[in-house]
Each structure stands twice: as structure tokens, then as C-alpha cells.
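Mind having a look at this structure? Questions to follow.
We call the chains A, B, C and D, going by the order they appear; numbering starts again at 1 in every chain.
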Amino acid sequence: MALLSMRDIDKSFFGKMANEHVNLEVGYNEIHALLGENGAGKTTLMNILYGIYTRDSGTIEMEGKPITFSSPKDAIKSHIGMVHQHFTLVPTLTVSENITLGLKSPGHPFPNRKVLDEQIASLSCRYGLDVDPKAIVGQLSVGEQQRVEIIKLLYRDAKLLILDEPTAVLTPQETESFFTVLRRLREDGHSVIIITHHIPEVLSITDSITVLQNGRNAGTVQTKETNAEELSRLMIGRKLQGSKREMISKQNRGNGLVLSGVFLSKAKLGPLSLQVPPGSILGIAGVDGNGQKELAEIIVGIRMHQGGTVSLCGECLDHLSVEQRKRKGIGYISDDRHKDGLILDMDLQDNMLLKLFGEEGIVTHGFVNRLLLRKRTEQAVAEHAIKTSSLECPLRYLSGGNQQKLILAREMAGNPSLVVACQPTRGLDIGSSETVHNMLLRLRKEGCSILLVSSDLDEIVLLSDEIAVMHGGKIMDCLPNDRIDLTKIGLLMAGKGMDA
Amino acid sequence: MDITLLATSTAFLAATIRMATPIALAGLGETISEKSGVINIGVEAIMLSGAFFSFLGMFSTGSVLLGLLFGMLGGVGASMLHAFLSIRCKANQTIAGLALNFLLLGLTSFLFLMKFGQTTTLPSITVIPTVKIPLLSRLPLLGESLFNQDPFVYLLLFLVLAIGILFYKTEWGVILHAVGENPRAADTAGISVNKVRYLACFANGILGGLGGTYLSMVKLGFFMENLTAGKGYIALVTVILGRRNPLGVIGAALVIGSAEALQIRLQTMGTSIPSQAFSMLPYVVTVIVLLFSIGRNQDPTALGIPYERDKR
Amino acid sequence: GGSTEKKDENSALKVALLLSGPANDQGWNAVAFAGLKAAEEAYKIETAYSENVGIADGEAAFTDYASQGYDLVIGHGFQFGDPAVRVSANFPKTKFMAIESNVFSDNAASYVMACEQAGYLMGMLSASMSKTGIIGMVGGFEQPSIVKVVEAYKLGAKAVNPSVKVLEVYISSFTDVSLGKEAALSMADQGADVLSHIANQAGTGVIKAAEERGLLATGDSYDQNSIAPNTVMASTIYSVPALVLSAVEKVSTKTYVGGVFNLGMKDGVVDISGYNSFESKIPATTKQLISDTRLRILDGSFSVPLIETRTK
Amino acid sequence: MKGKTKTFVSYLVIITIVLVVSALLILSVGSSVQKSLHSFLKGIAGSAYGLSEVLVRATPLILAGLGVGIAFRTGFINIGAEGQLYMGAIAVTALGMFAPNLPAYLMIPLALLLGFLAGALWSFVPGLLKAKFGISEVINTIMFNYIAINLVGILVRTVLKDASYPYPMSPVLPKATVLAQLFPPNRVHAGFLIALAFAVLLYILLFKTWMGFSMRAVGLNGRACRCAGISVFKNVALSSLLSGGLAGIAGVCEVSGLHHRLIEGISPSYGYLAIIVALLGQNHPLWIVVSALGISALQVGSMSMQRSAGVPTSIASIIMGLVVVLILARKQLFATAREA
């Protein structure tokens, strides 16, 4: 008998089927992967299991008993726990308060924090999930927040853990220790459902795999009996082409982006210097929260630096506003597309306008040329195969992959001389990631300087001409791509000495 | 007359406390509601409803307790209508609050007219008297003004303490905070977001209703159309000035109350400046105090946003 | 425009009244309303009224009543002067009246009540009954119809006791009862032992304050003794029925003309109430003094100065 | 279309509920329902005067409603239209009193300009405090309402007082400030046309221009605008200026078109009603015109009901509250009714 079995699950949103006759079985002591493209319906299925969505039809059984959850509360009672794609922690509360949130501890409603903190500490010690119970969650790094999420589940005695894209934000080292935790959990009698887009991870950690495509089952396989090709074929129905970085002969096309001695003490950044020549990609590797975002924002003009200079093609940018920099041909792809990159309640055209306003003919005498804007949007949609029901569709209803493609299409418009791309494929499936990679490479070919910030080392290695490692707001080292050593980079990312 | 002397006099402090009490009660209620993420700018309506129904209750039954009960229920009725619109119907909370103000202003006047007719004899009740607390009231300076007051003032003191403990010492406080800050997190932790919000709105109704009850049953002993005359809006101010901290709220209420008390006393000293210059004082003081809160915006992240579980 | 409806000459006269506030405001509007009802009974006229008519709606209300065929439309308050005059041009057959205003046209008149005459007597009474030599007066808005009474009150008080201290406050509201009460309490805190008001609804708070503190009070507009029988010694009385009567008579005899008319005690429009339960508590000499002065006002040998802007 | 029928039916149900409740209220005060309904409708559409009155009231509601609407679009919760309206009224009065000899062709534009500026100033301060320092504009704008109303009180007793008259009001302003009546003797005046013109202008601004786009964008996601190089500060400041300015113009129209002098209480809560107008009109300039006309008709009708059928005006307040409550609850109530 399986621990969990979901059968014939149907779920539609506004008449569109997100899950159609989906089946899923998870055994005891099993790590089970749920794979699929963006929008395949993985999160929907898990949200149904966790009581966030109600299914249209189908049955769910836990340990042979049929169950129906009307809220996460019921799921928690049945020992199911879920870590969401977007973390569900309260940033203003402490780690301990987040973990015990809503629980009746002895002395309720007056929790004895000291005792609770000790319990949490022992739990985190047991599974190697290192966190300080007294820390404020908002001040933790993503990796730490994830550990908090997992302790939160364990503290609630979850037997079945659902982890929705848990590794998307982790460094290779963090991922590795995270997997150790998962194995330890399995040994301890837990089962885990993990959603991820990284096929190598799936192959290394899981026992069995269910693949969804377009809301339907595309296959269930034992990990031992499958390989990467089969999985990607099941997921996207075709083989991946792979992106290739062509060699570009170094013509002298000016300096590109040059930073010298830039620092911002408030954000513990710098001083740092770097250069991105035209037609090349500088990859910045590093654990999230080591100053990459601040650096990117300084270059784009969202933040002001205290000292040093930023220049593009020999022109000093220091005192230019974001708008002026945009007009000089700077594109920006933020790591948080919902907050920074898009206006979700506006349609495709309006979102394109966020960048195109700088282009000639789009805004004349203060009036927006809607015809031209429409034409440009149509072009972008066609060129990059952005899937949408119409140009008037609010961005909220596009899938993540298509949202990201729109941002890229927008920021690529008008031959930019510099694109700053932060985590451009975070949360995207392998197909979309490939598209994004190809788009970046095309920009490079067209002579654009590209600063690529990513915590995904594979991506960095795949795309970059040069790789810089950031830690603690400083650049630890900067190497050309052909002379890199992955372990060394990993050590640098963790802040371990240059001489190691 | 010496202003500083005046400001420290017992009578002045007592007046300040009387002014502050109804505002602080309603402010505390609104604080709880806003902590949970529901902003109700219809505090005025809650207070008015409380004032009317408590008066009605006591006038018809002669019982103080029933008066209090009616007052609280009146407040709860108004507040729950807003809660229903905000939580269940996911309506714009600001406009729901405004609509509530119009609705209850009309409704209380209408019911009052229905019950008592067009009359020049004022229907009234005996007000709840002050209760002197034996030893404490003999404390120098503060004793007389703080401990020779009506029971509502003592209730207020108790509530500040109780709500302080609730907010900062109990799991319920953490839950309330979580629901206002990140309802999805609360939901996935097994907390029923809407239930917490309804409860918070219920508390808002009780406290706002008591604020109105104070006006009709303690301060005045009668009801009249638009009796609250804008106090609900002032209560909203105390929430922001007090940064949703019970002590802060009461502090803000005292500041505004003292500005009210001061403006009246300044006027009686006799000047030829139009009286409006003095009436304006509490509002100007409020704006000035708000200036000191620069850069410390601590609105709950989900304030005013309805929670929809299956919204992406 | 113009009145189009044909009217039967024998049918009852139709009179409409516009009030600026609620008809049960325990003051200015309440007496007008009561007056209208009394006039209806006594003179067999047909009546209608509108409450809460704001500045913005005065003209529409006059126009509506005029086009409904009302013979006389009365606006009870100075702010109705302008609209009355403006509308009167379009309805030459209808008569218009604004109370306490000073503008007029062929068929629109302003009737001014000499309220200061009663205020003067209240000042005398208050100063006589004060033991502390400090009395207080709470005014609603700082506007001539109020100021003239407050000033006369001060003069009356000084006439009895030149060293009397009169505290005065204008609270900029006719409706904020708790502010009225607070103003009165602040005066009590400063030693005033007789409290008076001309603040309609808000003034009720003044009387309640006096009652609560065991002080004396005077009422305004009608006999307010019933609000607090052991507190209110006497009240000013504005007899709107008399006013309406004099206008109705003129309309029916077709002698109603535009102009500004001052009506006072000798016209039976202004007076003071009896002393009710205070009959025995007020010294005979005081009663004598007041009734003498009243007679002198009546026979014209004494005229109360009319001061319409505030003096220090 | 199914969706459309449903919407239609739901509004029909709302109208029925409102009618039934009103009838009950009217019955309970002992008036005749038929007579009340008749006088309600007659008050609105029974005469040219009634129609004109609807437009008279709609004028400030449209202008202030447009102001509130544009502020809400930008995420600036302006509850202060009432005070801003009074500031506009003060401005035109001061102009008329201190420059009485200006010719009409200068006076009116100047009055509108000054009224705009005065109202704009009154909302710019809270706007600035919000945009620069994150201080709650809800509270500030409410406080500024009270301050403005008291300011009118002070001014009509001092510098703007009619010296020849003891009452607290300004002298009658010179003819040049007067906005002409459109169909005398009915009161509707040129201000109504001004209001319509602004509705169209604002529509163009919001939906056709870059400026309008940036304001809307800032209201939806300020952070994304910052990243795109659109200044949040500039747009919030701008919208607060426009918003207050429009309410200020409403004040100018009330003084120049109706009262011809400044006096306390010229606005029967127009500023607060404007918020309801804006939200019912979904912050869309053209719908705001419609909802302003609706609210205005409701008020004109209920006042007529009071005069002819003796129904207390508090009913108008109840009905307005009820209408808004039902409209807010509409979607939810009808969605569940169908699913169940």
C-alpha cells in the first residue's frame, strides 16, 4: 500500500484545465520527483493535496484512507507539510515564532519561548538544519529561510513533505547539504515529493518520478531505470538542442561597462572594479544576498553608490537617472519579475511600454502611439514565441516562462549596449531556460555587454566569457571561462580564502 | 493665566482623560482590526451605533448592563457588516468604511426619530457615575485625575494592559501579526485567516461600540443625531500615531485629548482671535505629531488587501 | 419660472419652514419646528418643513416649496437670506422670510428677533446667583445671532455685579454635545458656578455638565428646565409661533412686504421662562430686579445694546 | 451573453432591494409610499428645475470625483477632497475681493487657476509627505479637511469678511467672477460644462498619454516603475496636485456658479461623496460622470421626497449607504447564488 495515492484529479481555472485525470502515487520512505514544464500543473496538484485548492473531481487516499482537505489545517493534521515555491514565512517574526505559528504549545496561549527554542535547536541539530531560533526571518538569506521552512514542517510532525522547487535558490554546496538532509529524512521514515526543473538533481536524489505535461500524466518511472534524455522527452516532448556559446573574435569595440572602485558601505558593497567588454558575458557567481542585487541596481541606477565610477562605452553614468540610463541603452532583468519587472495587472503592450517609451516614435508630444506600440508588441510576441491569449491579456495570467520571455524581449529591444540579467532563468523549466539562454547569447553576438548574475553555476559556466565570484560584497576572483575550476569557485562562493 | 500651570492642573488632566477615553477605546479596537489586515475607516459608524444602541438599551430597560451589552452589540453589528464586505465580498475596504458611515448616520437618526419622535423634551438616562479608588486617588498630581474617574477609564487602563499582553506575549498576538503581515503564510501554517480577521473585526466592534457607549452612557446621558461628531476619524489617527501599539494608541489619544482640552481653556482666557483658530488646534497638533513618524511606516503588509486562497 | 399652480382663495394658507439642522436639536431649530406646529393648530394653516437644509440646498428648497404653491416659505437662519431673495424674483406671488438675516426684496423679508433682550436678563440672573463671581457662557458659532446674545449676557451680568468675571467660549459647533460639555466643565474647573449656553444641541452638554457638578445653569430657546430640573433656573424663550402668526396675518391680509423687521419682547417674540423649581430659591430682590428690567425693556425705557461682533 | 445578463439581473435585484427597503422605511414613518416615489421622481425629472438641480449637484461631485479618481489610480488615497474644495472656494473669494476690477475674461480663468493651485497645495502637502516620507495620506488628508473648514471659519470672520455686514461671510463677489447660468432661472451654470470638459481631458490624460500611463503604472506597482525609470515620487506628487486641483476647481464653481460669496458650509460633504462617486465609477473619468449624476439624482430626489411627502432626509443617507454596500457585495453575492 502506498503512503499517498491521488487518482483522477481534475482541476480547472476559468475553464482551462490545469490538471486532467492526474494520478500520483508516493510510497513510504520514498523521495518522489514531480517533473514538468512551467504550467504543467505541478503546483496545482500539490496545492490540491495540501488543501489550498479544492479539486473539481478525483480521490485522494493517505495510507489507504480517503481524505478531503478543505484547508491546510486538515493537511497538517494528516501529517502533510508543504514548502511553497514562494516562501510562506512572516518576515517580521522570528524563526521560532514562524515555526510554531498557530500551534498550541504547553501553556497556551502563553508560549514558553525558551523551551520552544530548545526544541527547535535540537530538531535543527538532528537534521543538520542550522538556524538561530531568535533571528528575524526577514534578515535571513534564502538558504536559511528554506531551512526554516523545513524545520517548520518537521516541527509539525510532517510525514510527507512537499517541496516546490526548493533548490532554485540554492548554491551547489547548499543543494548538496540540502540533499543530505533529504536522505536523512528518508531514513527517518519520511517521504518527500520534490518539484524541480534540474534533471541531474532528480537523478541523484529521487527514487521515482512522475512527469506531467499540459496538466496530464506523461509517465511515471523508477529513477534507476531512466536517464536525462528520456525525462526531457517526457517533459517537453522533444530533445533539447542545448545552447552553445560561439567564439567571437575580439574586435575592439570600446570598453563596454567599466566599474572602478565602486562602493556602498550601507549595503556592505565593494569597493569593486570590473569590466564587461561589448560582445561578452561576465558571469557573477555567488550565493544570493552577497551584494549581487545591489551591484546590479547600482549599475542600472536604482541605487546610488557612494564612491567610484560606473561608465558605459567611456561615458560616465554616475549622475544619470534610471530613465537616462535606459535611454543610453541599458536593459535590466531583475531576479524578482513580479515585483520589479512587471506590472501584473497591465497587459502585454503596457508592459512593453515600460521600456519602449524611450524609443523614437512611441511617445510623441507626450502621447503614446498605441498603433506602433501594438505593432512592436506583436513583433516581440511572434519573434520569441510568447504564448498568450491576446495582447490585452494581463500579465498575471501568463505562465512564468512567458512572463520572463516578455521581459527579455522588452529589455532586448532597441539594440541595448548593456544588459544586466539577474537570475534570468530562476523558476523556469528546461525549455524556457534554453530559450532565455539563446536570447542572451544572441544579444552577445550583437555586441552587447552582458552582466549575468546567477546562483546557478551550470548556467554561469554555460554562458559566460569570464566568471567573477562575489562574496560579502566583494569580488573574490575573476577568471576567464576556459580556466575555471568548479570546486575552487564553490569555495570562493562560500568565502573560503583565495589561496585555497 | 499661566499655561504651564494650567496644563499640569488636575482638572486639565482629568479633562484630557475624558476626551481621550472614547477615542482610545475605539482606537484600540481599530488597532486590532488593522493588525489583522482589515482597515475600517468606518470607526465613526461603529461608535455612533454603539452610542445609539447603548442609549436605547438603557433607556428602554433601565439596566446599565443591558445598556452596555446593547452598545457593544451595536458596535459589533456595524463592524461585522464591514467585515462581511471586506472579507467575504473582498470589497474595497476604504469605500466600505465610508458607506458604513453614511449608512449608520442615517440609520441611527432614523431609529431615534422613530422611537422618540420630534420632541423638545430630551429623553435621557442617568450617567454612570465616577468611582473613586480609595488609596490610589490620593496619589499626588495623577491620583485625582486618574483614579477618580468613571469605570470606563479603569476599563481602558485594563484593556491597554490586556491588549499589550495579547499582542506581545501570546501566540494569539503572533497569529494576528502573521495574518496581517503574510496571510498566505498564516494559511499554510494551518491558521484560518478569515476567521482571525472576523474575530479581529468583532473585537473592533466591541471596543468601538464601547467608545460610543462612553459618550452616551457616561459622558452625556442622552443620544442625538451625529453624536460622535468626527471622533471616529480621530480614533483612526490614534492608530497611526500610536503605530498600532496599545500604549502608543493611548498616548496618541491623550495628546489629541489634551489639545482639545487646551483649546477650550485657551479660549476661556479670552482673546479676539476667531474661535476656529482654537478648534483647529487638535488637527494641527495631529499633523505635527505625524511629522515625527517620518520614515517609520509600519503598516501591516496585507493591510486592506483581501485574502484569496487561490489567487496566484 | 413662476408659481403656476392655481389656488382656491378660500383654502388654508400654506406655510413651509426650512431648518438648517435637525428638528430635534434642543434649541434653535426645535423651537422653530414647535412653533410651526403650534401655529398650524392655532391658525388652521397647512404646513411643511425640511430639516438639515445646507447652504447648498437652500435655494432648491425655496424654489420647490414656492412651485408647490406654498404662500409663505420661511428660512430659519441668517444663511437663508440670500437664497430667499434670489428665489423671490422668480416667484413674485409667493412670500419669503428669512429669520435673523438682513436682506430683502419686494416679497422677501428678514425678521430679526431681539434675542439679546433675553440674554441680558439671563446675564443678570446668572451674575446674581453666582457665589464665586465667575460665570460661564458657551456659544455655538461665532456669528451675530449668537454673539449679540453673549455680549448682552455679559452686559447684564456686569450691570448686577461690575466685578463679575464672565468666561466665554465659542465651540464652533451646534452639534458636538461632548465638546459643549467639556467646554462647560473647563469653566467649572476655573471656578464658574453658573453656566449658560446658546449652542442648541451642543448646549445640552453644558446643562449636563452643570448638573453633574451640582452647579446652576440657564437654558436657551425654550424652557429647558425639563433637561435638568434642579439645575436650569430659567431659559430664554424665542416664540416662533408669534413670529409665524405675525407673518401669516400679513400674508392673509396682503400686507406682507419686504424689509428688515426687528421683533422683540414687546412683540411677544422674545421672553424668558418662569423659574420652575427655582421660584423659591432665587432671592426676591433678584426676581424683582429682573422683572423691573423686563418691564423697562417692554415699555421701551431701556434698550439692550445690540453688539454683533465679539468684544474682549 | 450570459455574463451580461447576469450583471443586468444583479443590478435589477439591487434596485429591487433598495426600493423595498425604502418603502419599508417610508411606511414606518407613516408616509405614503406612492406619494414618496412620485415626489422622488418628480423632484428629479418632473421639471426643468429638478433636472437642473441634478446637474448643479453633479458639478462638484464630478470635479472632486475626478480628483479622487486620479489620486486612487496612482495609489494616493485622497480622503481630503472636502478640504481641497474649500481651499478653492477661498481662492476665488480672495481673488474677487482683492482684484475686483479684473475683466471677466481674465477673472474666470484666473479664478480657476488660483482655485486649482489652492486645492493642489492642500493635497500636495500630504502627497509630499507620503511620497517622500511614507506618512499615511489617509490621516493627513482627513486632518487637512478639518483644518480647511476651520480656516474658512477664520477667514470669513477676518480678512474675507464683508465689512458692512456682521455675519460671517464674504461680500458678494464682483460680476466678473460669476459663472453664467445656462438656462436661467434654473441654477445649472457653466461649471457643469467645465466639469464635463475636465472629465474628457482627464480621460485623454489617463489613457492616451505617457504621463497618464506612468501614473497608472505607479499606482499598480511602484517598485517596477522605479526599476523601469519612472519616478514614483514625481507621479504621486503630480497626481496629488491634479487631484487637489480638481477638487479646488469644484470649490471655485460652487462659489462662482452658485453662492457668489464665501460662506461656511457650502459643501454638504461633497468631498466625501466624491470618494464614493470615484469608486462607483471605478476611477474611470467617464464613468465618474455617470456615477456623479446618479448620486446627485438620489440626493435631489430624496430631498424632494422630504419636502413633499415628509420623509426624513436620514433616509437618503441610509439609502446611499445601502446602495454602496450592495454594489460592493454584488459580485460575491451573485457568484455564490449561482454556484449554490
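Here, a contact is a pair of C-beta atoms (placed from the backbone, for glycine too) under 8 Å apart; a residue touches a chain by one contact, two chains touch by 3 or more.
Each chain and its UniProt protein: B = Putative ABC-type transport system, permease component.
All values derive from a computational prediction rather than experimental measurement.
*Asks:* Of all the other chains, whose mean CA position lies farthest from subunit A?
*Replies:* Result for the farthest chain: C.
*Asks:* Of the chain pairs B-D and C-D, which one is connected by the greater count of C-beta contacts?
*Replies:* Per the contact counts, B-D leads.
*Asks:* Take the average of all CA coordinates in subunit B, do the same for subunit D, and state the distance between these two points in whole angstrom.
*Replies:* Computed value for the inter-centroid distance: 28 Å.
*Asks:* Which integer distance in Å separates the CA centroid of subunit B from that of subunit C?
*Replies:* 35
*Asks:* Mind checking the centre-to-centre distance between subunit A and subunit D? Centres are C-alpha means, answer in whole Å.
*Replies:* Computed from C-alpha means, the inter-chain centre distance equals 47 Å.
*Asks:* Multi-chain contacts only, two chains or more: what residues does subunit A have there?
*Replies:* none
*Asks:* At least two other chains touched by the same residue of subunit C: list those residues.
*Replies:* Each of 142, 172 in subunit C touches at least two other chains.
*Asks:* Touching at least two other chains at once: which residues of subunit B meet that condition?
*Replies:* 109, 113, 225, 230, 274-276, 279 - these are the residues of subunit B that touch more than one other chain.
*Asks:* Please list each pair of chains that are touching.
*Replies:* Result of the pairwise touch check is A-B, A-D, B-C, B-D, C-D.
*Asks:* If you look only at subunit B, which of its residues touch subunit D in the complex?
*Replies:* 41, 81, 84-85, 88-92, 94-96, 98-107, 109-110, 113-114, 225, 230, 233, 236-237, 240, 274-277, 279-280, 283-284, 286-287, 290-291, 293-295, 297, 299
*Asks:* Going by the contact rule set out above, which residues of subunit A touch subunit D in the complex?
*Replies:* 300-302, 321-326, 332, 334, 339-346, 350, 353-355, 357-358, 363, 366-368, 370
*Asks:* Name, in rising order, each residue of subunit B that touches subunit A in their complex.
*Replies:* Subunit B residues touching subunit A: 169-172, 174-175, 177-178, 181-182, 184-192, 309-310, 312.
*Asks:* Which stretch or stretches of subunit D touch subunit A in the complex?
*Replies:* Contacts found on subunit D: 208-211, 213, 216-217, 220-221, 223-231.
*Asks:* Flag every residue of subunit C that touches subunit D in the complex, lowest number first.
*Replies:* Its residues touching subunit D are 1, 16, 48, 50-52, 54-57, 59-61, 63-65, 67-68, 78-79, 82, 89-90, 101-102, 141-144, 147, 172, 308-309.
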